[in-house]
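Quick one: structure below, then a few questions.
We just call them A, B and C in the order they show up, numbering each chain from 1.
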Amino acid sequence: MSMRELAVRYGFLVLLVALVAYFAIAADGFASPQSAVFIFQSVAITGVLALGVTATLVVGGFDLSIGSVATTAMMAAAYVMVILEQNAFVAVIACLLIGIIVGLINGFLIVYMRVPDLLATLGMMFLLVGLQRIPTEGRSIATGMTMPDGSVAEGTFSAAFLALGRHRFDFFIQNLIPVSVVVLLVLAVAIWFFLEYTRFGRMMYAVGSNERAAQLAGAPVKAYKIWAYVISGIFASIGGILLAARLGRGDIASGNNLLLDSVAAALIGFAVLGAAKPNAFGTAVGALFVGILLQGLTMMNAPYYTQDFVKGIVLVVALVFTFALSNAGRR
Amino acid sequence: MINRRTLGKLVLGLIGATALMQAPAFAQTAPAPFDNPGNVKIALVRYLSTGDFFQAYLSGVESQAKALGVDLRVLDSRQDAALQADMVDQAIALGVNGIIIQHGLTESMKEAAQRAVDAGIKVVAFDVNVENDKIPQVEQSDRDLARLALEQAIKDNGESWKAGYVYVAGIAPLDRRNETWVEFKKKYPGIEEKAMFGTLDNPIANSVANQARSVVTANPDITVMFAPYDEFAKGVKIAVDEAGLSSSVKIYSADISTSDIAAMREPGSAWAATAATNPAVVGQVSVRALAQLIAGEDPGKQVIVPPTLITQKDLNDNDIKNMEDLSAKLPQFAHADVAMPAWMPNPNKK
Amino acid sequence: MGEEAVFRIADLRKSFGSIQVLGGVGLELHSGEVTVLMGANGAGKSTLVKVVSGVYSLDAGTMMLDGQSFNPQTPAEAIRAGVVTVHQNINDGVVAALDVATNLTLDRLNGAGASLLFNPRRIRREAKQVADRMGLTVDLGAQIPDLSLADRQMVAIARAMAHEPKVLILDEPTSSLSSAEANRLFALIDRLKQRGVAILYITHRMSDIRRLADRIVSLRDGVIAGTFEAKPLDYEGAVNAMLGRKVGLGQVAVRDGGETVFFADGLRIAEAARPFSLALGAGEVVAITGLVGVGKTALAETLFGVRAPLAGTMALDRKPYAPASPRQAIDAGVFLVAKDRAENGIVPDFNIYENMNLPFLRRISRFGVAQRRNERAIARRQIGDLGIVCRTERDDMATLSGGNQQKVMVARWMSEQARLFMLDEPFQGVDIAARRDIAAKLRASADGRATLIFVTELDEALETADRILVMSEHTIVGEHRNAGLNMERLLGEIAGQHLKGAA
């Protein structure tokens, strides 16, 4: 393997290791199991969203609505528990349903109405940002809030639901691993296995790489595309559940930062192992990369705008790795 | 202006709507023209209106207007600066006695406000500087908010501690709160700022939690977190809980909402105290300052609505669950003794 | 007619890298005449057009317009000199966002001397002049997307004529028009002839040629293979020159088909096309040949479930066969190696074995999980069978030569036993050795299935097939056993002789 191939293949992982080593020396307390777990926890939500958007990238699409799906799911969870006074199970089902429905609508718009993916999901993003405000006339949802009709919401976030954000499993050390990290790891392994090792994942890659060829090889191209958006919607709604469980209330939010961070993670993932294409392992590493950077920089007291700046640099470097240096990019 | 609005998610003030339905009762004979209040017309010209803060502000304006017995017109420009200026002219044409300008842009409102003054109409402005000597400015004091919270921190923790500070520069209210923090650090050299962080990435609490988690890991000796905005405080609390440091860190903040109350009252909550102004009270004060002007009295160039300190202990002792409880059980939060001449009816008094 | 040529090309040469595309082309265009240029794919037609219209510069040779040297460096220069080209893609000739009037006068809005202000009334007035001169009846206020393809084509030509060209080049103008629409175009071309314009008309359609041509020029492998101007025009000769039989290529040992595997009755695949029947037997290799655009690919797609026939029934092994999708066709055992592998075949992100196993992943998978070891074993076997030159089955497709890429495309469908195996232009962009390999493999494996190949090049049919069917105007017009066949009749059918009989 030539030097350049080596650089393309392992450059990003080497960078990651170097970064960890640097922070371990430069920032006190960075190199500890708690710190490691926390890095996972801080990227859990964007990581889950990024894994979902990876599925749409694989079929050659894009999903701009994931951030607002997550915040809409968060509002829905709060609404179901605080205002409708239902239990955690109902809240989770409601969130997942939102993800599935949004995914189906996105897929329908893109596949059957032939609206370009960016535009369809952009429209869906605005729609959801508005929709989440309608039931409460723009108020954030918390126990004891006053409804538009003057009544007071008496429901509470159920303990079982909050546990999704707060419970920790023992792992060598007591109370070490939070539920959200477990969710992230399980979903990452699941989508990785799905995309890399099942025939469905393979056909999704084929659809994204040459749709016509996939169709002539007998693939139901439209169904695969719609499935990709449903996966993206479900993952985003799971992200919303984790968000609601962490915050313990329903905040009005566009989720645009969630969107941007997760898209960045997925794009950084292109560069991992020189894949030059969307892949679940890369996405997970990309999310982790951003998490480690932000954790380290915050521990060293770097202000928030330098973090955005550094995030941007990482993304640009990753894109250069992908498109300029690798063979796949030059095709 | 967005930042004002974001900060404004503070409060659900319902005082106006639920308080007092009875006829205005005057403690003392009111001066003209309030001896015949049915003939007095005032207008509220709004720039911002969506969100909890503005809803509560409006309810305060309405309750005070009702207590006075005057005719209130609400003109809402929905963030259209040009329309807001036109609405001032509309109010002039309506022949109102007084106008409250609520938010807006200096550039667009300066001349409109001058036209109203020229027409002999009394004007007060809330949170917008129209650069006019004849127009009193109603303000909530961000400096006082920060001061109250920090004084409580000194009271609880002594004059020497290691602090984490949450701040994003360039947001006017946060900048004013920051001035107080800088003064305090000068005044109490024992306060050591170990880390400063902050972000407005939404959801804000989630993003701040991620940062705060890193900060407390890097600086386990921090005992006080100053987070002078409740979204920041909420994020810090999540991080402190997740790091298992609830017992060793105390959080001091500004602003309050129903969900903040719940968070402060959780068993073992690190959130010790917050300082807040009730937006409904600000609305009432705006009307009262305008009424004083119309009656020929001088409310002063600046009418400052003082904030209230709310501690975890206050909430627990009084079993306060939400904003209504807060107004009912902490009288200083429900009413501010500002712009209260003897003849002025108090809308909160039963 | 017959006077001095207005436009003359002599010994024109053009190469791209080491590949010579035009090897000394000579051509004359006369004012008031239609010269038809025929040529198979890759003969150099589009390169010639691009040189003449100023897109490419020539390597050697001369071009003379009205006795003056003509060597445009840009398309704009060619247009100014009086040589205007209407390209094949109709939508390149019109701006869809603008109305007809603006389109007709578009070229006046640019360049030196154009008015700074856009005056809709003046535009409308000038557009009306252009339209009247051309006898164009399209509503000047209409939006382009509301027009039929033919009307758009008219607008594009009228727009070109606004330059008052001496030479007009029309590149396959009827390729997406119906015959009624084409007739309107021919009327317009007649009018242009009367105005003394010299027209170079590029087409494969014999009906166009019969209707319009004053002279036919056949281009083959970058040189003029024949010029036909004596009346009556020798159409068969022109086709023959274009397809250029190379003698002495390997003859096949012709076999006859066994029991009928596939049968179609009353099949109609295009509006106004004559229905036809088709029977394919087990073990035989049948080639369908014909010029570009006569419906070969449409027939392949109909049999493969990509499109539905307009009329007629199909049967596979005497059971009714009406696939609604490629999946259903594949499940029934009907496979298609689609033409243009880069467009329709290769998945560029996939390596060799992933490309090969694309259609049959389901059978290689257990519980939805693809069995990679199994996949790679199948791929290695195919690589050996077809003699694909590569390092391993995990090589990128981009590292393979065109011939080896095509072998992978064929191998994709040979890991399972087909009932009907179709290959559309399987020898496109394939070197001679790979072409022989593929043809040999096809014939060697033909037992037990029907094999149908679609080729434009007659040689490829003669080298590969047991039976040759000729397509023209979306129907089958002739059938030949590939042994001692009547070449004259075959060429006549390709050239559309049956049309003459029908007319």
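Everything below uses one rule, namely that contacts are C-beta pairs under 8 Å (C-beta built on N, C-alpha and C of every residue); 3 or more make two chains touch, one makes a residue touch a chain.
It should be emphasised that the depicted structure is a prediction, and the values quoted were computed from it without experimental measurement.
S.K.: Which chain has its C-alpha centroid farthest away from the centroid of chain B?
M.R.: The most remote chain is C.
S.K.: Could you say which chain's mean Cα position falls nearest to the mean Cα position of the entire protein shown?
M.R.: Closest chain centre to the overall C-alpha centroid: A.
S.K.: Could you grab the centroid distance between chain A and chain B? Build each centroid from C-alpha atoms only and quote it in angstrom.
M.R.: 36
S.K.: Chain B to chain C: how many Å between their CA centres?
M.R.: For chain B versus chain C, the centre distance works out to 74 Å.
S.K.: I'd like to verify one number: the distance from the centre of chain A to the centre of chain C, where each centre is the average of its C-alpha atoms, in whole angstrom.
M.R.: 46
S.K.: Where on chain A is chain C touching in the complex?
M.R.: 197-200, 202-203, 205-206, 208-210, 212-220, 277, 327-328, 331
S.K.: For the complex, give me every residue of chain B touching chain A.
M.R.: It comes out as residues 9, 12, 14, 17, 50-52, 55, 168, 195-199, 201-207, 209-211, 213-215, 217-218, 220, 234, 238, 241-244, 257-259, 261-263, 321-324.
S.K.: Provide the residue numbers of chain A that touch chain B in the complex, in ascending order.
M.R.: Interface residues on the chain A side: 27-30, 32, 34-35, 38, 41-42, 45, 71, 74, 138-140, 142-146, 150, 152, 166, 175, 178, 243, 246-249, 251-258, 294-296, 298-301, 303-304, 307.
S.K.: Hey, which residues of chain C end up touching chain A in the complex?
M.R.: 304, 306, 325-327, 329-331, 336, 338, 343-350, 354, 358-359, 361-362, 364-365, 368-370, 372, 396, 398, 412
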